[in-house]
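Multiple structures are listed underneath, in structure tokens.
Next come two complexes, and both contain chain A; in the first it sits with chain B, in the second with chain C.
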Partner chain A sequence: MRTVKRLAVLHDVARTVGAAWPTRGGGSRSGRSYAVTLLTPVRPESAHDLAAHLRGLGRGEDSPLAKLPYVHFARWLVIEQLKTDWPGAPVPPPRLQSPYLLFTVSLTAPDEEHVRRREDRYVERLPESFLHELRSRIPSDVDAIWGHCVGYPGTGDAEAFVHYLAQSQIETALFHVGYPDVTVDEVRRALRLREQLIDFARDHQDERDPSRLQQAYLQESPTWLPSS
Partner chain B sequence: MSSSGGPQGPDGEGGTGDRPEPGATRPPDGRGYDANQFGRARAMTVFSPVRPWYRPPGGVLSLRVVFTVGRAVTGGKSKIRQLSFIHFARWVIIRRFPDHGQPRDPVRRPLLMFESNYNGTFDQYIDAFSYILTRGMTAIWGTSYGFPGPLPVTPFKRYIRGNEFTVDHYYSAYPAATTTMIKSALALREPLRAFNLRAATLDPTQFAAEYRKLLTRAQDDL
Partner chain C sequence: MASLELNDIQGNILRGYGFPHAAYLFLRADDQAGGRAFLAETVGDVTDAGHWEERPATTTNLALTCAGLRALGAGDPVLAALPDAFCEPIRERAPRVLDDTGESAPEKWDEGIGTDASHILVMINGSEGNEQPFADAVAGAIDRARRHGLTLIHRQDAHALDNRREHFGWADGFGQPAIEGGIDRSGPGQGIPQDDGITWRDLKPGEFVLGYPDEDGQTVSGPAAWLLRNGTFMVYRKLRQDVVLFRRQLYEEAARYGRTTGLDATLDGDQLYELMAAKVVGRWRDGLAIELADRRSEDESRKLGDHAQDDPDNDFRYHDDDGPGFRCPKGAHIRRTNPRDALGWGGRMVTRHRIIRRGMPYGEYLEGLQDDGHDRGLIFICFNADFERQFEVIQAQWCNDGNAFHLGDDKDYLLGDNRGTGKATIQGDPPHFARAQPLIVLTRGCEYLFVPGLSALRQLAAA
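After this line comes the complex of A and B, so read on.
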């Protein structure tokens, strides 16, 4: 009887610990924000060409990533070998057999409360929804980059493409989001509005008459409200 | 190569995109700019090998517990939230490399990957991490080989530098903005909307008083 009770207690403990344990994919998502972390093996002879290609891409608005509306931050990095030239590094030092391409993205999906079926929402279909978007919005850039990787099927076959990159996703253990559930578009509009208010203040800083100040504000502020 | 990034400096305004600010990380690969920076945004990418579970403080097992607690502690109570210069950050435990038919890469020692998108300089960033998240840093990187502890800060900076990678392409959707500017702008939306609705109905003196209040709020971070 005592053994049965002990087993029951152990079972309860295991269930409690299991419930708190991070499940697959759980840590990559925080609200409507998501951390994409892809690691794909690069053909050794292509590593330098790939790195050169990535370094030659346009920056900012000229980056192919600027065509992806939900992406706040992203990076590409070719890892040719791990760094072990520091005190206390393990012996023997860990060595990679292949170079790897790291691609990370921090994105926030739009609020899709209006989409009735939960499973149809962009955020619920991540990372696949984002991978489909990569394929449809910047296919030639994607092919020019992942074309250097081992086993890459190309963007021609949507299912194979998404499967390849989804298999390359490494789940995040802890994801910090500085401004939760705010999309890129919302950040940009908020910044623009704040800038417009500050510009107005700068233009009218010498105005001492409250009545004239109010008049100017009522005249100008409607022109910046559409971006609010 | 475009240089359409935003102004420079941790929180100031003015300047152009790709020019590094004083104290910025120098490019190790001969590029004419710091590839870990675009506008005010900076990228940090660090990989460190994790000790086995039987070596204190417990390898990946210990990391899992730390991250589970980290995920449970969110909102204002989270210490990382106090570090107001971080846009997005993540910790990833790599226990296997995705298999696409390349030569097998057995991961004898799991890797801990840390990535951050922040504004300010590398030194400011590590200083704040070390002094504010002292215990958190020890709990996380204490499982990695060679971690000297977050304090004193110089060996810790050397450790991070030793494990840090320079990115090949970095993208920010709003390179001119710091996290403080963004949070301030987001917080301004509602009061400004409410003010605009009432602006026409206020008498001029009331209007001027409320306008000044609003402006103070908008300029908090300037």
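After this line comes the complex of A and C, so read on.
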């Protein structure tokens, strides 16, 4: 899934004094899916270390992102400087005052029909509910990454942490999501079910007797489907 | 349309020599001066794409790895301008991008290949009846290397099999891309399908030779342009084939296919084998496309391994008449490696992902179902302007995955599924779910190389 964003870095250019933050915007939402885009300025002397740290992050199950259960895709990226060598680039070229850390996320919130008050549900409290989750699930990873950014308060104070990141959110104008109401967990279970169904179909495709096929299905399928 | 500088482009890119003998000599240049001197002496022998008055006894072509360019002193500004795919150590890239894992992992590869000791590849081909000149040319190259202080780190011999076979028994090498300004004869079906549903257009040369406009109108520029012009990028892969395992499993699968479809009432074991073979590859073993002939006549339906079609018709499409894959299955090998118009949009999704193939089998042909323990397989070679966009899309997205064809994660039956799970669907009424074959093709080496134009080679060789 890709997130197409307005270049909020242009806010940085427009305010070369550097005093104000990019405008806080609402993320894009589709069903229970949501895209978060955070842009935080990096202390120039720390940019190199930050990039090295990001390159050294664990992969797959060892990634800090693996600990975030609702996240489909997420990415940290250091933007060092704007590119100016493309045909039609503005002259004089705009320059960033500092490198920036870009964090993009697409997630799908769980179905919380059992939570009576809508406004209490995770999906209705985005992005703050996600930001709280970052702090509670991967606090040391978050400190090790955003610790390189200007004004980062740390994970000690929940409200300060959430406020800092919420302030750095830029509007996601458009994002693609394949299945707006399907969580990561449901995707994984669906894929597993597909594998099991394939094995069954492949192994029983010669069964000509419908009742024997049904018998085999009734016998084997309970082990695939979650009990209701 | 700019015409191609045929005398500067290496011959094997644009011309399928069709010679039966090949040797691949991987050399390490321990010092820059020796490496350059070797290049300077060899470039005079390099076969270009210019017209042949008569067929030569042997041909010589040269390619360089990124490590080789560095060793020869190409310089950092040039190296920095070369594609990441070319410069990344192939032992790191191949497991991640090409799924060379498990039994195909780099730890299992032949000694020396795919390491930063591999600098220069000398490719020598020998034509029919010229075994001695061929042997002399190979010995000469090895001797020249030694004289200039280069080390032979890996040698691979290869030779064509009868009837254009590869080791699983298919006549191979058909369906090469038709290129604007190209020199090999080509026919309808080898280029890009046109919207009239009838004609085909040749591909822009920049898809295969750098320095000319590609399908996006792009050409080369920047600090490496002098090196890249008239050159191309080359994939070299040694693919070991377990012929007996493949045949046994195909026979079993053919029998299962016969039962599922009820065809075992009318077709015997050999006929079912040939039909199953045609379904998984998309061509009958003699080269005829299944899209053009979904059954063979009685006397043509067995033992298709004994002969090859001379010039099989390539003029076919998939989308309008075989979208569901009932004639040529959606996951058949040639439909994966060249989907033509199968992905919709009149074939536009395929135009930028074509490759030129120049591979050669290695090892002795084996008849029957008794393994002899010998190493045999395919030296897979292809040329493309861009690894990521061309070869790697075909390998990673079209062969090692099925998503593009709405087949989930089903892999190409012919290449095998190293997870040993999964299926290959033969669409039909009823469909048949074939078991994926594990471990029938194992990677035993891989290199990404650059094939320079002759003036670039001379410039590199100059002190």
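Criterion: the second predicted complex is superposed on the first by the 180 of 228 C-alpha atoms of A that agree within 3 Å, B and C clash if a C-alpha of one lies under 4 Å from a C-alpha of the other, contacts with A are read in each partner's own complex, and residues count from 1 in each chain.
The rule we apply is simple: a contact is a pair of C-beta atoms (placed from the backbone, for glycine too) under 8 Å apart; a residue touches a chain by one contact, two chains touch by 3 or more.
On a predicted model such as this, the values are computed, not experimentally measured, just so you know.
S.K.: Quick one: is A:176 in contact with chain B, with chain C, with both, or with neither? Answer first, second, both or neither.
M.R.: first
S.K.: As a test of reading the superposition: which chain, chain B or chain C, is in touch with more residues of chain A?
M.R.: Higher number of touched chain A residues: B.
S.K.: Of the two partner chains, chain B (first) and chain C (second), which one does A:202 touch, if any: first, second, both, or neither?
M.R.: In the superposition, A:202 contacts chain C only.
S.K.: Based on the superposed arrangement, let me know which partner A:144 touches: chain B (first), chain C (second), both, or neither?
M.R.: neither
S.K.: Given the touch rule stated above, what does A:115 touch, chain B (first), chain C (second), both, or neither?
M.R.: neither
S.K.: Once chain A of both complexes is superposed, is A:194 in touch with chain B (first), chain C (second), both, or neither?
M.R.: So A:194 meets both chain B and chain C here.
S.K.: Per the definitions at the top, what is the overlap between the chain A residues touching chain B and those touching chain C?
M.R.: In chain A, residues 194, 198, 201 are touched by chain B and also by chain C.
S.K.: Taking the touch rule as given, give the residues of chain C at its contact with chain A in the complex, in rising order.
M.R.: 256, 259-260, 408, 421-423, 430, 432-433, 435
S.K.: For the complex, give me every residue of chain B touching chain A.
M.R.: It is residues 1-5, 17-18, 31, 35, 38-39, 41, 43, 45, 47, 49, 63-64, 67-68, 70-72, 80, 84, 86-94, 97-98, 100-105, 107-109, 111, 113, 115, 117, 145-148, 158-159, 162-175, 177, 179, 181-186, 188-189, 192-193, 196, 199-200, 202, 204-205, 207-208, 211, 214-215, 218-219, 222 of chain B that touch chain A.
S.K.: Would you pull the chain A residues touching chain C in the complex into a rising list?
M.R.: The touching residues are 194-195, 198-199, 201-202, 205-206.
S.K.: Along chain A, where are the residues that touch chain B in the complex?
M.R.: Result: residues 20-22, 26-27, 33, 35, 37, 39-41, 51, 54-63, 65-66, 71-79, 82-83, 85-90, 94, 96-98, 100, 102, 104, 106, 149-152, 164, 167-179, 182, 184, 186-188, 190-191, 193-194, 197-198, 201, 209-211, 213-214, 217-218, 221, 225, 228 of chain A touch chain B.
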